[in-house]
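Accompanying notes for the structure given below.
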Amino acid sequence: MPAIIVDRLSKSFDYYKKEAGLSHSFRNLFYRKPLRKDAVTEISFRVEEAEMVGFLGPNGAGKTTTLKMLTGILHPTAGEASVLGYVPWERRKAFKKQFAIVMGQKSQLWWDLPANESLMLNKCIYEIEDRSFGRIVGELSELLDVRDLLSVQVRRLSLGERMKLELIAALLHEPKVLFLDEPTIGLDLLSQRKIREFLKTLNRERRTTVLLTSHNMNDIVDLCKRTVIINGGKVIYDGDLAKVNGWLDQRKIVRVSLAEPVERRRLEAYGIVRSVEDVEAVLEVEKTFVKEQAKRILDDLPVVDFTIEDVSIEEGIAQLYRNGGEENESAPEIRQDVRHGVYALDGVPD
Amino acid sequence: MVPWLKEGRRYLRIYLFFLKNSVISMMEYRINFLFGILIEIGYLAIKFSYVYVIYRIGVSVNGLTPDEILLFVGAFTIMAGLYSMLFHSNFYMLPEHVRTGTLDLMMTKPVSLQFMATLRSIQIGYAVPNVIGGTAMVVWGWREAGVPATFGNVSLFVLYLLIGLLMTYAVFLAPQLIAFWTVKTNGINEASNALFDFNQMPMAIYSKWIQRVGTFFIPVFLITNLSPLSVLGRLTSWQLAWGLVAPVVFLALVRWIWTAAVRNYASASS
Amino acid sequence: MGFMHSMEYRTDFALSLLSGIFPVGVQLFLWNAVYGSSQESVYGYTKLEVIGYTLLAALFAKMMATGFEYEISKDIKDGQLSKFIVQPIRYGPYRLSRFLGEKGPQLIVLAVLAGIACVLLRNYAGLDITGTGLLLCAAALIVSVLLNFLIYYCLSTVSFWLLEVWGIFYTFALISLLASGGVFPIDMFGPVVQQALGVLPFPYLVFFPVHIALGRVDGDALLQGFGVQFAWIAVLIALTGALWRAGLRKYESAGG
C-alpha cells in the first residue's frame, strides 16, 4: 500500500485586495470584497513506502500548501488524501505520532534554551521510553555530527547546526513518513551535503518515506529518483528527474571558444545562436545534425575549444514552469496518467 | 492505569517542562525579569493610589468600608499577577504564532493544540510584586475588617481565586482568538486588558446594569469579586451557584470558539 | 499614512479607542459611588468637579504620552547617532521637530475633545469654566508638552550608560502618570504629598492645566505655576545638555 495517496486534492482560499487611497480605507471599514485564490487545483500523486520523492515548483506553486494539507495543518477545499491510511486533517493522535514535518524557515526548538531541553519536551510529548530516547538521540547526533551542540543554546547556533538539531527533534519518535519543506534553505554547502547524506541514510536504513520540497536543485537531483513538479497549483510532471528534459533531448548545446570574434550572422548558419560574447559562443543544434554541424564548425571557424552538452535539467524545468504556468489548457503538452506514472509527449513546445 | 489519569499525568509533565523552560529563559534574560518586576511595581503604585485615596476619604462606598475595599483590591492585585504570569504573554503571542506559522508546527504534535499554544510560557517576574503586594493588602484588609481567619474562610477565598483564574483564562483568551480571522490584534489586547481593570474596584460601585453584564455576559466581575464577597458573608446564593457553574460554561464556550477558530484557520489560510 | 494604516485594521481601530475610555469609566463609577454615600464635597471637590477633573485629566495625560525615548535609545544602541555627529543637524532639534510632527495631529484631536468636554461641563454641569481660563489652560498645556518632551529627552540619556532601558522608560511613564495627577488629583493625596510633588515637574503636566481650566487656580498660584514650569524647563535644558555631552564622550570613546 502506498504511504501517501493524494487524489484530486484542491485548496482555495479567500483574501482581500488592498486598494490605495483614503476613501477605499473608509469603505473597507465597512465592507470588503473577498477574492478567491486557488492555491492547489486537483493534484494527484502517490508515494510508495520507503520512497523518496522530490516536490518541485516555483514560488507560490502550491508546494507548501500541499504539504500542510498532508500534515493536517490545512483542510482541503476538495479532494482526498491519505497518509499511512489516515486522513491527515482529522489530526488523530495515532497519526501525529507516525509522521514529522520540518520546515526550513520555522523552528520547533526553543530559541533561548539548549536543544536538549526541546528534545526532552518532545520525548514527553511523544511518550518515548527513556532507553530508546537515549539510543535515538545518540545515533542521530552521531550521524549528523552534532553531539557537542546539544547543550548549546539554540540561538547561538549557526543556521546549519540548527537545522540538524531540528531534524533530530523531528525524528525522535521514529516517524514513518517525513515531510521536509525547504530543509536546506540558506545553509552553507557543507551543511547541505551533510543533511543530504543523512537523509539518504535515514531513507535507506529506516525505510522512512520522504516527501521533500526544495528550491535547491542539488537536493532533488541528489536525493530523489522521482520528482513531482507542480506549477500554478497543478501537477505538470511526475516521473524520473533525469528524464524531465527528455523532450528537450532533441537538442544539444554546443559551446565554442574562438581565436578571434566571429560575426553572429556567420554563426547562425550552424544552429540557433543562444549567445555570443566576444570569442565565446553558445549554439543550440538539433540532435540529428549535431555530428555534421560540429564537423562544419571545426572546419570553418577558428575554434580554440569546443564542447557538446545536453540541455540541463534546470533548463528543462524552467521550460516546464513557463508552459505550466500559463492559464490556458494548450500549454502543458505532457499528458499524464497518475496511476501508472506514464507520460507521453504530444509535441515539442518552442 | 486509567487512561485519563495517564493523560493527565502526561500533560502535567509537559506543563512542568514549560515551567522549567520558562525559568531557564528567565535566567537567560535577567534584565527582562528585572524590568518585569519594575513595571509591575509601577502598576502596583497606581493600584495602591486607589486604596490610599479611599482610605483618606474614609467613607463607606456602597456599603463597603475602606478595609473591605482593600480586600477587593488585594484580590484584584493577586489575580492581575497570576494573569500576567500564566496567561497574558501566551495570549499576546497567539497572533504572532498565527502570523509566523509556528502554530503550524504545534498543530502536528500529538498533544492538544490549545494546551500547547496557550500555556507554554510562564512569566514569573510579573507575578512577584503583584502576588506579594496583593497578599499583603488581603491580609491587612482581612484583619482590619474583622474577618475571622478560619481555615474555612481561607479555603473559600482561595477556592474562589482559583475559579477566578479559570474565568480569566476563558474570558481573556476568547477575544484573542479573533487573531485567527484578522491579523492585527493590538486593539483587542488593549481593550480586553482595560476590561480586566474594571476589577480595580469592587463591582458594587457600578450600576446594576453593568453588574449584570459583567456577571453573566462578559463575566469579568466573577474573577476577583467572589473571593472577598464570600469571606465577608455577602455572597448571595445565586452568586454562589453561578460562581460554580460559570467556569464550566465559559470554559466550554472558549473551547468551542477555539475549535471554530482552528477550523477556520485550517480552511481559510494557505 | 498612519491614519490609513489604522483604518485598515477596522476592528483594531475601534477597540483601541474603546480601551482609552474604560479606565475613565472605572473612575467615574468610583466617584459616583463615593458621592452617592456622602453628598458634600470631598477634599474640596464637588461631585461634578471631580468628574470634570477625571475627564480632562484623562485627555491631558494622553497628550503627555511619548514614545521617542525608545527611538533615541535605539539610535544610541545601533550607532545611528553617529550620523548626527557628522551631519550638521543637531539631534535635539531634530527629535523635537519629529516629535511635534508626529504628535501634532493627535494633540489637535485631543484638544478638540477637551474643548467639547469643557463646553458640556460648563453648560450641563454648571462648572465655572471661562474663556480666559481655557486660553490660560491652552498656554499651560503648550508649555507642558515642551516640559514633558524635555523630561523624556533627559531620561533617554540613560541609554548612553545602560544597554537595556525599556523597563525603566515604561515604569517612569507609569509613575509620571500617577505623579502628574493623571489618575487622581494630587491634592487628594494630602498636603504633605502634594507639597513634595510640587517641587517636581510632574504636577505641572496634568494637574496644573486641569485646575486652570476648572478655574481653581487664581492670580498668584497661576504665576507661580508658570514660573515653576519655566524654571524646570531651564533646569532640564541645562541638565540634559550636561548629560548628553557626557554621554557623547562615552559614546565616541567606545567607537560608536
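Observations, loosely collected:
A, B and C label the chains in the order they appear, each numbered from 1.
Note that in this section a residue touches a chain if its C-beta (ideal position, glycine included) is under 8 Å from a C-beta of that chain, and two chains touch if they have at least 3 such contacts.
Owing to the predicted nature of the structure, the values given are computational and were not obtained by experimental measurement.
The chain occupying the central position, as judged from C-alpha centroids, is B. Chain centres here are C-alpha means, and the one lying farthest from subunit C is A. Averaging Cα coordinates per chain places subunit B and subunit C 30 Å apart. Rounded to whole angstrom units, the spacing between the C-alpha centres of subunit A and subunit B is 46. Centre-to-centre spacing of subunit A and subunit C amounts to 56 Å, using the average Cα coordinate of each chain. Shown for subunit C are the residues that touch two or more other chains, namely 13. Touching subunit B in their complex are the following residues of subunit C: 9, 11-16, 18-20, 22-23, 25-26, 29-30, 32-34, 36-38, 42-43, 164, 166-168, 170-171, 173-175, 177-178, 183-184, 188-190. Of all residues in subunit B, those touching subunit A in their complex are 10, 13-14, 17, 20-21, 24-25, 28-29, 100-102, 104-105, 107-111, 263, 266-270.
Residues of subunit B that touch subunit C in their complex: 31-32, 34-36, 38-39, 41-43, 45-46, 49-50, 52-54, 56-57, 59-62, 178, 182-188, 190-191, 193-195, 197-198, 200-201, 204-207, 210.
Note for the complex: subunit A touches subunit B at residues 11, 13-14, 37, 39, 65, 68, 71-75, 77, 89, 91, 93, 96-97, 99-101, 103, 106-108, 110, 112-113, 117, 120-121, 124-127, 153.
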